[in-house]
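You will see two complexes here that share subunit A, one where it goes with subunit B and one where it goes with subunit C.
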Partner chain A sequence: MFKGVSLDQAPPFEAPLLFFLTAPLFAILAGAALTEALFFQQHIAILHLFSLGFMLNIMFGALLQMLPVVIGVKFQNPKRMAWWVYIPLNTGIALFFISLYFDIALYHPAALLLLLSIGSFALLTLYKLFNAPSNTPTLWAFRLSLISLLIALAMGVFLLTTLKNPPEIFGFVLPMHALFAAFGWIALLIIGVSYQVIPMFYVTTEIDRRVQYMVIWLISGALTLLLLALITLMATDENIVVTFILSATFGFILFLLLNFALFVYAVMTLLRLYNRKRSIKEPSLGFWYVGLFAALAASIYPAAMPFNHFSDNIYAVLFGYGFAISIIYGMLYKIIPFLSWFHISSRGFFDMPNMKEMVDERLLYLHLGLHLLSFALLILYPKAAAPFIIAENILFYINIKKAVKIYFEYKAKKSPFEGFSRQ
Partner chain B sequence: MREIFLDTREFEPPAPMQMVLSELQNMIEGQTYIHQLHRLEPTMLFNRIKPMGIEYIVKKEGDDYHIYYFYPGDKDMVRELCGV
Partner chain C sequence: MIKDFMTNDHRECDNLYAPLEEAISKEDWDRALELYTPFKDAMLHHFAMEEEVLFPKMEEYVGGGEGPIYVMKMEHSQIKSIINSLGEAIEAKDKRKALGYGETFMIMTQQHNMKEEQILYTMAEQLPFDKEEVLKEMKEV
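The block that comes next holds the complex of A and B.
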């Protein structure tokens, strides 16, 4: 017989929410720090406020939420696990920022906390993912993204702890760390999630599975070759100048291959969105378009630019702020209202506001405008972007406040099905 | 057995989930089953109906997914009807 709704199967929304609500704080801090930043090391600190503070917090929150419902993998106690990761992770990020930005010797405690929190979460999640009941491109993207995160983490810890007395290999590990973090961890995760959420939220057909896998394996293959090259380099005793020239040429070819995979993904996803079955205009889609066009620009940039004119800063802004952060906002503006609705309805309520009523579309468009402005200014004159980065993240809190408030209001109410479904 | 057919391919979430959950209340053991035509595998819905004592079968044809929801006792009959 029909047993009504289950009160138990939905994983707690508080666990991902903890990470989702913390992430913009780091972006606000990054905006504030940008106004005073002068040195390379300070810009690296700010970059990590975006990558670790903003993106990694969102990633952990999203994985906690998505794995049980999309992949069928469950954590024993998601709320407790969230806190166990959350505290060392965010303390580690704060120490990392202080040590690099203010040049205070807190490198070792920062490295230890990041190693413990990111390492334990990634290893546990990987173990669960390799024991998942099914195999899909999204699942493979998640697995490879977490493996890349672990490799980037190991390299990052090495870089951080040898920063003040860098060995010869330092200069080789630095770009590898950046590539594993950008393409391996961030891009693979975004690609894996988008394979699920684009057809779901924007009523499109799925990208052909062979193309889905091709993008994932191209990125993973190129990164594996880079890692093998680094290991070979460490094992040989060649002239460092010759080795540098050889590895730079080899590395650039693989970098072009990574960008080709990003190009294919961006084009295929844009085509799906352009040809979607219901062409409803909405602001979250605007973030996706910004993100995908930025991905296209980033993927073309190294090939279009003569080698000596390539700017790391412009590439980092196109990839990080344009591609990754735009898409993250687009995802969050869909996922947070949906999860709020999903968790409330899982408890048997039917009178709650619908997803569209949980956000004010005009304010979302305002956020999109501020985001475009921040993005453009980060390329043209980074310091001028600071107030807009701060403003867009404060506006993000305002925009999701209603969905979060509704969730907690209904959580406090007694479920209309209580007493029926457990019979 | 009578088929309750739902074409949810052009609906945004959470409408497809609401439509199936609503029709599940009209599903009668031994008499009816639900046939949903959708653009992807509705994994969140699967997660939600498992504790309700409902089973499902997924069949992919081209870009579309055919999902059949039924009571466990009707499994053989539904498998025969949907050709899986």
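The block that comes next holds the complex of A and C.
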């Protein structure tokens, strides 16, 4: 009945840490690349430094960490598995960036590496998620997020490998790839996480389960319709102009629907945070607020803008940098000190610093300030944001340095349990 | 039945912690000391319900050893140690330390609760013992 279910201690810290420490490097690279970027293709390359380089690395690390904890699934040998995914993934991201940014024909090896690393990790995780012992909105959000990731991946590989000789359908697949990645993969993942952690970490009431499911199914439903439309389009041989107008109208309606779901989620979560029982103010909460207000702004933006004034770039910044990345920083500042403390404590030590002693809260607030500044500048004048993006990610390393250092210091010490512990 | 009851008890404990943390952050030490005792008692009572009734019952079916129940008990002792450090920091009126242990307590406990709510209680519900009887015994602890 519970075969494969384990409540074992969390996987070794090194496994998620590898991904957590790599992600900001890509954000720093993105900042540097932003100063020189001129063409559309270069902007797409930078966008993927954030989505694949930053977000996907964090997601992989977080899933390695969270799945045993939240769902009770266990990876065999997590450290080895981490490296097996890590190397092809990050080589793939680097090749992807080089090929797009410098226009060097490395598309095929990049596509292959990304397909193998993301595809195998997502499939394995999905398999484990479908075998989980209980069903919750969070679990459904995770499953649908990973399915969307696989769909976005398949579309991405198609786009990348046909970039130099695009077939007619290229122009339809491109926005769909973006929507599957943004709403399907990223939004569902964050929504799933927040359903679980907001009530627990901040002591709030839960969002009504029916609303939780509604948001998830609305997003998945709209994306499924989009996918069906794309398949129909591929199967029929209509006049391309008529098809384009029809699909643009249909696509825009579904885009509004996706944003409606995001709006409901953002408003409901903001209200819960505002009415939280745990009144203490701390930097992570600030990152959550920024993220949720950015989600709210993104969700309103398409409906508020006249059609011809809608800017893809502004939307991408609101959604990616404002919503997703803010929340990720907020979570990392809790996860990293906690895991450091937890692993040391599990080996029987009592004298290590507590979570708050592992970080300097004032510097965390400084990061929040820098993040807001780079976020605002990315909307107003993107090139000016570059130094602040670089600065905030260097500051991120400074901020987590102590927690990581303490972990390794204690790891080198002999456990007080030694002799009678299973460690 | 057991899952709902124990999940609610987790939330009750959270609700006792929240005002305690607020008192610490305002450096209202008398109130913090006053709130600390019922909070600690509720936590220890929750652990006792599990360790004295629920876990031994479950172990009859799933075995003891180093399995999930062993891990839950280990985490209980980790949490108890943080609660004690929190108490010492409150007595010493050390705001920074108390908030630090408070935060550590909170995240440690929440990830522990997640494991119990998602996995362990679900497991308990599916095991073939008399849930009402066990629930009754737990309430008597």
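Everything below uses one rule, namely that the second predicted complex is superposed on the first by the 412 of 423 C-alpha atoms of A that agree within 3 Å, B and C clash if a C-alpha of one lies under 4 Å from a C-alpha of the other, contacts with A are read in each partner's own complex, and residues count from 1 in each chain.
To be clear about the criterion, a contact is a pair of C-beta atoms (placed from the backbone, for glycine too) under 8 Å apart; a residue touches a chain by one contact, two chains touch by 3 or more.
On a predicted model such as this, the values are computed, not experimentally measured, just so you know.
Engineer: Determine, under the contact definition given at the top, whether A:Glu357 touches first (subunit B), second (subunit C), both, or neither.
Structural biologist: Second partner only, subunit C.
Engineer: Just subunit B (first), just subunit C (second), both, or neither: which does A:Ser279 touch?
Structural biologist: second
Engineer: Looking at the overlay, what does A:Tyr381 touch: subunit B (first), subunit C (second), both, or neither?
Structural biologist: In the superposed model, A:Tyr381 contacts neither subunit B nor subunit C.
Engineer: One more residue to check, A:Pro133. First (subunit B), second (subunit C), both or neither?
Structural biologist: second
Engineer: Touch test for A:Phe338: subunit B only (first), subunit C only (second), both, or neither?
Structural biologist: After superposing on A, A:Phe338 lies in contact with both subunit B and subunit C.
Engineer: Could you look at A:Phe40 and tell me whether it touches subunit B, subunit C, both or neither (first, second, both, neither)?
Structural biologist: Neither subunit B nor subunit C is touched by A:Phe40.
Engineer: Where on subunit A do the contacts from subunit B and from subunit C line up?
Structural biologist: Subunit A residues touching both partners: 1-2, 5-6, 8-9, 69-70, 72, 196, 200-201, 203, 277-278, 280, 338, 341-342, 345-346, 354-355.
Engineer: Write out the stretch or stretches of subunit B touching subunit A in their complex.
Structural biologist: Contacts found on subunit B: 9-14, 18, 24-25, 27, 29, 39-40, 43-44, 47-48, 50-54, 63, 71.
Engineer: Using the touch rule from the top, collect the residues of subunit A that touch subunit C in their complex.
Structural biologist: Per the touch definition, subunit A meets subunit C at residues 1-2, 5-9, 69-72, 133-134, 136, 196-197, 200-201, 203, 277-280, 282, 334, 338, 341-342, 345-346, 350, 353-357, 422.
Engineer: So in the complex, which bits of subunit A are touching subunit B?
Structural biologist: Residue positions touching the partner: 1-6, 8-10, 68-70, 72, 196, 199-206, 277-278, 280, 338, 341-342, 345-346, 354-355.
Engineer: Sort out for me which residues of subunit C touch subunit A in the complex.
Structural biologist: Residues 14-15, 17-19, 21-22, 25, 62, 66-68, 71-72, 74, 78, 81-82, 85, 96-97, 99-101, 103-104, 106-108, 110-111, 113-115, 118-120, 122-123, 126 of subunit C touch subunit A in their complex.
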